[in-house]
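Which chain is which? They are A, B, C and D, in the order written, and residues in each are numbered from 1.
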Amino acid sequence: MSSVPVSAFLALALILFCIGLYGALTKRNTVIVLISIELMLNAVNINLVTFSKYGVNPSITGQVFALFAIAVAAAEAAVGLAILIALYRNRRTVNIDEMNQLKN
Amino acid sequence: MENAWLIPLFPLVSFLLLLLFGKKLKEASAFVGILATLASLVYSILVLLERLSEPTYKAETVWLTIGDLQLTAGFEVNQLNALMLVIVSLVSFLVHTYSKGYMHGDERIPVFYAYLGLFTFAMLGLVISPNLLQTYIFWELVGVGSFLLIGFYFYKESAKAAAKKAFIMTRIGDVGLLIGMILLFWQTGSFEYDEIFAAVEEGAVSGTMITLTAILIFIGAVGKSGQFPLHTWLPDAMEGPTPVSALIHAATMVAAGVYLVASMFPLFNASETAMLTVAIIGAFTAIFAATIGLVQTDIKRVLAFSTVSQLGYMMLALGSAGYVAGVFHLMTHAFFKALLFLAAGSVIHAVHTQDIEKMGGLWKKLTFTGPLFLIGTLAISGVPLFSGFFSKDEILIAAWAHGNYGLFWLAVIAAFFTAFYMFRLFFMVFSGEARSEMKNVHESPSVMTLPMVVLAVLAVVAGYVNTPWFGSFLGDWLVEGNEALGHGHIAGPGWIMIVATAVSLLGILLAWMMYSKKSISRDWLSSRAPIVYGIVKNKYYIDEIYNQTVVFGAKAISLFLRFIEIFLVEGIVKLTTAAVQALGKTGAKIHSGQVQTYGTIAFVGLAVLMVIFALTGGYL
Amino acid sequence: MDFNYFLTLLVFSPLLGILLLAFMPKANESGIKMLGVLATLPSLILALIAYFSYRGGNDLANFSEKFRWIQFGGQGAEQSGMFSVNYELGIDGFGLVMVVLTAVIATLAALASFHIKKEWKGYYMLFLLLEIGMLGVFTSQNLILFFLFFEITLIPMFFLIGKWGYYEKEKAAYSFLIYNGLGSAILLIVIMVLFSRTGTSNIEMLRMILNTENAPLVAPVSESLKMGLLIALLVAFGVKLPIFPLHSWMLRVHVEAPPSIVMIHSGILLKIGAFGLIRFGMGIFPEQFADLTVLLAVLGVINLLYGAFLAFIQTDFKMVLAYSSISHMGIVLIGLGANNEAGIQGAIFQVVSHGLISALLFFLVGVMYERTHTTTLANLGGLAKGMPIASGFLLAGAMASLGLPGMSGFVSEFMAFFGLFKEMPVLAAVGTLGIIMTAVYLLRAVLAITYGKAEREFVGISDVRSFEWAPILVLVGLIVLIGVYPNVLSEPLQATLETILMGIGG
Amino acid sequence: MDLDTLLSFEWGTMTPEFIILGILTLLSVLDLFLPKHVDRKILGWIGFVGVILALVSLVSLIGHETTSILFDTFRLDSFAIAFKLILLVGGALVLLLAIDFNHNEGLELYKGEFFYLFLAALLGAMMMASSGDLITLFVGLELLSIPSYILAGMRKRNLKSNESAMKYVINGGISSAITLFGMSYVYGIAGTTNLKGIATVFGGISDAQHIYILGLAFFMIFVGLSFKLASAPFHMWAPDVYEGAPTPVTAFLSVVSKTAGFVIILRILLSVFGYIPVTQEDGQQIPLLFAIQDYIAFLAGATMIIGNVIALRQHNIKRLFAYSSIAHAGYILVALTAMSFVTFDAIWFYLLAYALMNLGAFAIIQLITMKTGSEDISHFAGLYRRAPLLAVAMGIFILSLAGIPGTAGFIGKLNIFMGALMVDQAHYVLVSIMIATTVVSYFYYFGIMTQMFFRPAADEAKISLPAGTTAVILFTAIATILFGIMPNVALDFLHTNFNQFVDFMR
């Protein structure tokens, strides 16, 4: 029924992942960095869902896995933001490149 | 004879006793030493008498086990050993006695006698060794004895230097001996003299090997007997107390080289080259040292150079197959040279200087010493009827008979020089007027003169045991039952004796004219050929040459090695550590504190891995 | 007589001392020192008992012990007898000699440590630990156990140098640690390769397995691998010995460590290198070893000359002795290079004799330093006036060290060269130059100290006194004993020699 | 699923997890309702008791036949038990440290959080140890990570603490994303997340395309997880986080979290990639895991070098230990590379030893840093004077970390070497790197020694020892020595009870 090939979904996921990675590694604003990480995790979800439908031997497990991943991602983001706030209280900045007290 | 091994032990005992109780005994230590040596003297005379009738005795026990091969130690009494035993113990005894007077008042007498004891022990041990290894062992020990006694006045820089020099110079020779004997062992499979000779007899050893080993062993002898080119230590050794010079550096130790060659004679005899080398070195040393002796002004140094030259004679004799002659001269020389040294010591003891320029006219003052010194001088100059005459004659005959004509004439000239400088010495010391005022010059006590008397007597009569006129007992006895050593008496043309007498008398005459009658001016040579005089006066600058070459060379090598040490060895280490540190530094820099850098690096790492994986299409 | 646990007792008896010391009050100086010395006695006594019972015809095999210790790789491996490391002690003639030497020198060094000025408690505890390590090294029959003891010697040394040494002590301690660390690291690789590829670490087993055709192995051990391992061993023990380019650490140690520790260090620790080379190098890889003899002999001659020439220009007596140690270890290598009875025995003799001699010399250095507070040759001189006895012994020590007959040095030197002249005469001839140089530098140094004009401030100083006599007399006594009647040493060794030579096929 | 299926499961196998879970909920409730003035230390003790209980119940489970419940998502095999032991012991010790830890910033009221967050993390680690399904593995992983993020930021008024937490979160997020991405491909090819299922599917896989993708997936998973191990290339967060986090948390990260990391890696690698057949040039088939050994070897080598070399430059003790822990991760990776039949033993023993020695060291570090308020190494100066026993204990831990014989660390290294060298193409290079870097590590380890023993103390004030910390130090010190001298205590226990982990995949 579907005319969209598997490879398209996978490519999408890969691209999404890379965008996320790029964002996470380059953006100065920590919030954006966290969001980028979310992006990466969502890329994974796309993968999982794709495979659970069009995989070599499809199964429902993929979607379960995706659900878990989403939940975990949410938790991670929450914690990340919480820590960011704590940091902001002391440092009055969310610029990631200003967090360089610990080095060498 | 079975207990001949006791002979060396007496002095050893005295050595140990003095080490332990010397402090308390003080002057009395002298008696310990004297008694010990007396004991060995008596015993060795007995052994000699016994040996006259009985055959060689030899006893050995295992000393060192190396796997299945066993090295032995023991003792042997053959003619040569027996003779040497007597000579050594006799001279040693006399010197011990003499020193009682000479060293009187020195608070280190116990040490002195301890050292003497050690030396005597080593020397006696050396002469009864039945094998090369044992010989080498005692060979080194006598070296130490001499080293200690030369450096007896340790606080004198000169004594320190002399001692060091003596030890090192002789050690150079010793190494030659060591190599020689080890090589010989791997050729013949034994250190035992008789087995070695047997092996050489049946031609188990190749000719070149024989020559090589013989020469190596001879190098050892050269070192000990102060032969050219290793002679320079002997004159300096005069820094030691005079009795020591008499015992070690005239009568016994320096003769050890000759003794070694003599006891290895069959080996040398098997190689023409070796024999020739020995002869040439001997003859050259004889004349070479004699010339130096002509111009020295230190009484002991004159004697020292004469010793060198006389040893040269003995080498010449052995080198010319004159086994008997060599040993004979070794014996006579032991007596008269010891006498001369003791006499010189008595002179020094009297006038407190060694410079003959300052002496003179002592004949009347030293009524004992003078005549005794004269006897010694006559003997060494080879004046007929004195012991030296006969032995030297034997040597000349040997040299001639063996066909070393050139060397023969060298020896004759050397004999002339000898007579000349010895009497130069005599006249400058005893005749004429005192050249510097000396107060309270007195004759030495009898404890010093008596030993000299004994030696004087021997210096006169010792020659008659082996003469062309009354038969050659010594010779026949020495070679008895061992034809490898050559004949007891070598017949030579009669004119040789005439010539020898002539040159010696000529020398005496010349000396008399120059130094006593003064009909010829003393600076005859120095004025005519100052350069030559200078060269000779400075002993041909041998010492200087060595300093410039050998010593400097060693220093240079050391410095070069230090350079390597600092820049190569240490440098590499420093480099590595620096590299590691630098690596750490850069590593630390990369940890910039930028969290995104960290992520990036992780990702890059991942990417690299995946790329490699992708390119290699998988699996390395 | 029953010898169970004998060696364990022998090795670990200093532990008792350590425990007792732990309960000593810090301040009680004399008590601590006494205890420290006493604690070294049990092992000494036991060692002597072992020696004499052996000379009395007792078989050394009776001494060996064996207990299950570590089992790697699970039951499967254990059933097949693989990868089990047992606690096994034992001695052969060589080991016995080394144990006696260790025990003797340890006791004497403990006496010498009376010169130590501070924190005696810690000092003696470490000292005893060090002794345990050394005794263990010479008795362990198992590579891993050997390594354990080997490292146990490392740590106390680090502290002893770093805490009780002289001016540059920490630097010295570090270079000691790093060099030896590298050495033992390489050694560990060798051990582990052998262990994990053959499945055993017992020395005898290894010797058998590696020298029999197609013996059962965990993984193949090629000839080239064997050669590689042997060379690695050479490097590993070469650091300890030390062999020429790897020696700079031991100079620092000789100069910076307190004399009593240097006695131990150059007396025994350096010898572990030689011990290892003979025991493992020759023992386990005889064939490969035979191919390396030339290399060894050359290295030996280099060591001999290099050390001698550098000692010749040193200005500090300790440095002279340090380089002289290098030079004398060259003789060990020469002996091994000869690779025949005489050579190997010479090497072993040199190990023992140099152990005694350098212990003596460094003890005397300690004695003199205590009086004069300097070891610089230029500042010394004429000590024979102030302290004749000490000077006399110093001279004796020098004579022994330059190979004077009648003292142990000669016998070993003679045998080493004796052996080498059989195999490679020319090289040996070159080496004999070292004999001369030895005399040169030693006399230069010792005469500079004892002879000549007496420095003014050294006139009133006291000579050898009270406890200082013991070490001097014992050491001199042993040196002369071995020199005069070498068979006391050579007879216990014969059995060991034979086993080694059987391996070589000599 | 209906109730009786639920009841049919043998929940008993999960007792330890349930205990931890129960305690953790209890603690959170207590923390909520206890009045402010009550010292929260009590919660810590409760938690400690809980962990001990869990430990007991776990021990009682030893020998229990392999069971898996919840459709193989939770399995109790010897592997799980063995590693949970380490996790729980480590956890208990860290708890003790945490109880005595007081960051004097008026944050005591948050202390309660610390304990139950900690327990949550521990629970996550335990879940990982015994999960048989990618999903549970991942969930366990995050259950471990997320609380750790918070723990790192516990000192919320402290800038360093915040920063370290932030860095930890970001890196953690990226890493888990990468891991997950990799896992998604594994699932894609396999069609199931059950490890056994995956194994069976992959066993028969033949499509080169798929294998190729799985290869890539492997790298993603491995690199992603290397974040937990703090090994190259994902190691760089470690120093910063270790430095910033409260000391007990640092200890937790360096021990428990690292152990968990190895657990999950072993699980995934062996059960997933150990079954993918790869045909080599010479036609024979080997598992993918072996085919890509060289990459792991490369990473291991890099990790060891980076860790040890950079540590040379460190003056902050916690940062130094961060690098040292990186290095140790590298050592363990060597064992992982070798994949010999002792790999499990090696890793298990090393992790155990590492847990002991590292926690001991951190206990002392916590004492010193709390006393002086600074983390600079120089504050260890003269520790030997101030508290000899403390110094000696620290000495033991350092020796063990440096892998000196007589300590657990050495035996651990021995195990690893065996594994790496017994396989047919032995990893000589890798082992050489390992040994060389170990020697390099002497520099900084003994640097601490130098401070403690050689240098004079800044202030002579004695150091007060809280009960918990003392207990930790004693326990770890004794255990370190015990496992160093009689490693059989541990090894035999391992072998008799877990029998080579044969049931790993059954």
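Just so we're on the same page, contacts are C-beta pairs under 8 Å (C-beta built on N, C-alpha and C of every residue); 3 or more make two chains touch, one makes a residue touch a chain.
Here the structure is a predicted model, which is why all the values come from computation and not from measurement.
Undergrad: By C-alpha centroids, what is the most central chain here?
TA: That would be chain C.
Undergrad: Just grab the chain with the largest centre-to-centre distance to subunit B, centres being mean Cα coordinates.
TA: The chain farthest from subunit B, judged by C-alpha centres, is A.
Undergrad: Calculate how many whole Å lie between the centre of subunit A and the centre of subunit D, each centre taken as the average of the chain's C-alpha atoms.
TA: For subunit A versus subunit D, the centre distance works out to 26 Å.
Undergrad: Once you find the CA centre of subunit B and the CA centre of subunit C, what distance in Å lies between them?
TA: 38
Undergrad: Let me have the rounded angstrom distance from the C-alpha centre of subunit A over to the C-alpha centre of subunit B, please.
TA: 97
Undergrad: When the C-alpha atoms of subunit A and subunit C are each averaged to a single point, how far apart are the two points in Å?
TA: 65
Undergrad: Quick check on subunit B: which residues sit in contact with 2+ other chains?
TA: In subunit B, the residues touching two or more other chains are 588, 591, 593, 595-596, 599, 603.
Undergrad: Which positions in subunit C touch two or more other chains at once?
TA: none
Undergrad: Could you tell me which residues belong to subunit D and also touch two or more other chains?
TA: Residue numbers touching two or more other chains: 166-167, 170, 174, 178, 239-240, 313.
Undergrad: Just spell out which pairs of chains touch, all of them.
TA: Here the touching chain pairs work out to A-B, A-D, B-C, B-D, C-D.
Undergrad: Considering the complex alone, what residue numbers of subunit A touch subunit B?
TA: For subunit A paired with subunit B, touching residues are 21, 24-26, 33, 96-97, 99-104.
Undergrad: For the complex, give me every residue of subunit D touching subunit B.
TA: For subunit D paired with subunit B, touching residues are 166-167, 170-171, 174-175, 178, 211-212, 215-216, 219-220, 223, 227, 232-234, 236-237, 239-240, 278, 280, 288, 291-292, 294-295, 306, 309-314, 440.
Undergrad: Residues of subunit D touching subunit A in their complex?
TA: That would be residues 134-135, 138-139, 142, 145-146, 149-150, 153, 156-160, 162-167, 169-170, 172-174, 176-178, 180-181, 183-185, 187-193, 201, 210, 239-240, 243-244, 313 of subunit D.
Undergrad: Write out the stretch or stretches of subunit A touching subunit D in their complex.
TA: Interface residues on subunit A, with respect to subunit D: 13, 17, 20-21, 24-25, 30, 33-34, 37, 40-41, 43-44, 47-48, 50-51, 55-59, 61-62, 64-65, 68-69, 72, 75-76, 79-80, 82-84, 86-87, 89-91, 96, 99, 101-104.
Undergrad: Where on subunit B is subunit D touching in the complex?
TA: My answer: residues 580-581, 583-585, 587-588, 590-591, 593, 595-599, 601-606, 609-610, 612-614, 618-620.
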